[in-house]
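Both of the next two complexes hold subunit A, though its partner changes from subunit B to subunit C.
Moving on, here comes the complex of A and B:
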């Protein structure tokens, strides 16, 4: 009988202990943000006036990307390496040009060549130089000659 | 015949004299174990680039008093945590949790867990926003963290 009483007491003690023991329940929720890839071209010079001699007219533009990108340019008058400006009144009148685009000396292709790869994550300011290959002479037909430089950023 | 009759009479008379009641008792009890459960837990908190709040929620149901405590896997300091990308670049986030019933704030990472009376179904709301400005040069990609909540009872 004494033995039974002891067992009963031990059982009660064990139950009591179980009921007072601290417990923890946990949960979790994943948190995420997805920033989409984005590139902008800004502060694009409105016009580059090319001097009549062989000095350069200059301009610039900025590329801002939050991801690596590659950049290339093309001209409207041709897809070849030899670029030119064209008379607005007579398309047969052309003047060859030398156009360069660079970022701190790293060349961006114009019409031909491998696009320049950049890591992005900064604001990159590109310089544009455009010059006539040969200076205008006294017999060069008067008029306005133009071309357009197109900028393409892939990301 | 006479003897048998007498014997039966004696037995019948004797029976009421020796009547007794045997009693016993069986204790009965129910032990209801302490229990707390989470339900309606938001599956994901997707933050916004513009820094506005994203809300999520969950429900705690307890049959006993409890205390509740929150944390983030990438706790920063105070009410701030952070999310980070594969390059280990990080953006600070503001994290707040309140009990919907009385707007009591639940501590984040440090401090005393918020004590609640229990015996109730309590809804909680989590608000998280990106507090580091996201600029045009903030790297594109996925930034993550994990919101954690524990109930002690």
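Moving on, here comes the complex of A and C:
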């Protein structure tokens, strides 16, 4: 009889414990935002007029990236280091040019050279200078001479 | 002698009665089952993906308990433990967010810390819907660093 009573008491105690014990059930939901890499080229000067002497015509453009990037440029008339403008009426008529692109003095390659690496995350304003290597002289064929500077941003 | 015979006869009758009377022994074994309190979650959103433009995103879940009431639910954002709510990338760059939880009675902001709702009665085995909404306080810009920014919304049912 003593044994029976003891067992009964233990059972009651165990049940009581189960009923009063606090418990917690948990769940979680991840919150995320993915910002893709982006670069934009903006405020590109519409045209650079190169003076007939050896002074520079200037222009600029802006690059805005949310990630590190590298930039290089090329010209439409040639892939070589020696650049030139070309007559629109006679392709054999060319005038050599000196084209520079820089960001606060850091040079961006034109046609040849290692692309300039930048960290991004700010608006970078690049300057473009284009000048004739030799001034136009009296015997320079009249006409309109063109070239195009192409900008490439890799990120 | 007569007396002796009479007693013997009575004894015989009593013994005869004892041999033929039905007997009955009984015992009982109590049986029962104790159903413990329990709560569970279902239909928990896999994730809340915040749009870059600052518009709102939402996730949801259900919790169900086998008790009528007397439990509470606490909602929180991990990032809130250090300053205001935010999503953070692997480089530690953070973008502030704002978040709310809607469930039953309440529509509560999670911006100032965790929130708790007490569920008093009428919730026995009833799925209770919770909807959490979140958004960037300001849209990202062209110079907001690219990457994956994260935080975690947590919900605990205490019973």
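As a working rule, the second predicted complex is superposed on the first by the 141 of 155 C-alpha atoms of A that agree within 3 Å, B and C clash if a C-alpha of one lies under 4 Å from a C-alpha of the other, contacts with A are read in each partner's own complex, and residues count from 1 in each chain.
Keep this in mind: contacts are C-beta pairs under 8 Å (C-beta built on N, C-alpha and C of every residue); 3 or more make two chains touch, one makes a residue touch a chain.
The shown structure was predicted, so the numbers you read here are calculated from the model rather than taken from an experiment.
Student: What does the overlay on subunit A give for subunit B and subunit C, a clash or a fit?
Tutor: Partners clash after overlay.
Student: Touch test for A:114: subunit B only (first), subunit C only (second), both, or neither?
Tutor: A:114 contacts neither subunit B nor subunit C.
Student: Applying the document's definition of touch, where does A:139 land relative to subunit B and subunit C: first, second, both, or neither?
Tutor: neither
Student: Have a look at where A:148 lands relative to subunit B and subunit C in the superposition and call it first, second, both or neither.
Tutor: neither
Student: So, does A:46 touch the first partner subunit B, the second partner subunit C, both, or neither?
Tutor: A:46 contacts neither subunit B nor subunit C.
Student: By the touch definition above, which subunit A residues appear in both interfaces, subunit B in one complex and subunit C in the other?
Tutor: 15, 18-19, 22-38, 40, 64-67, 120-123
Student: Taking the touch rule as given, give the residues of subunit A at its contact with subunit C in the complex, in rising order.
Tutor: Residues of subunit A touching subunit C: 15, 18-19, 22-38, 40, 64-67, 120-123.
Student: With touch defined as at the start, can you tell me which subunit A residues reach subunit B in the complex?
Tutor: The contact residues of subunit A facing subunit B are 15, 18-19, 22-38, 40, 64-67, 120-123.
Student: Provide the residue numbers of subunit C that touch subunit A in the complex, in ascending order.
Tutor: Those in contact with subunit A are residues 34, 36-41, 44-50, 52, 59, 61, 63, 77, 87, 95, 97, 99, 132, 134, 136, 140, 142-159.
Student: Mind listing the subunit B positions that touch subunit A in their complex?
Tutor: 31, 33-34, 36-38, 41-49, 56, 58, 72, 81, 83, 91, 93, 126, 128, 130, 134, 136-153
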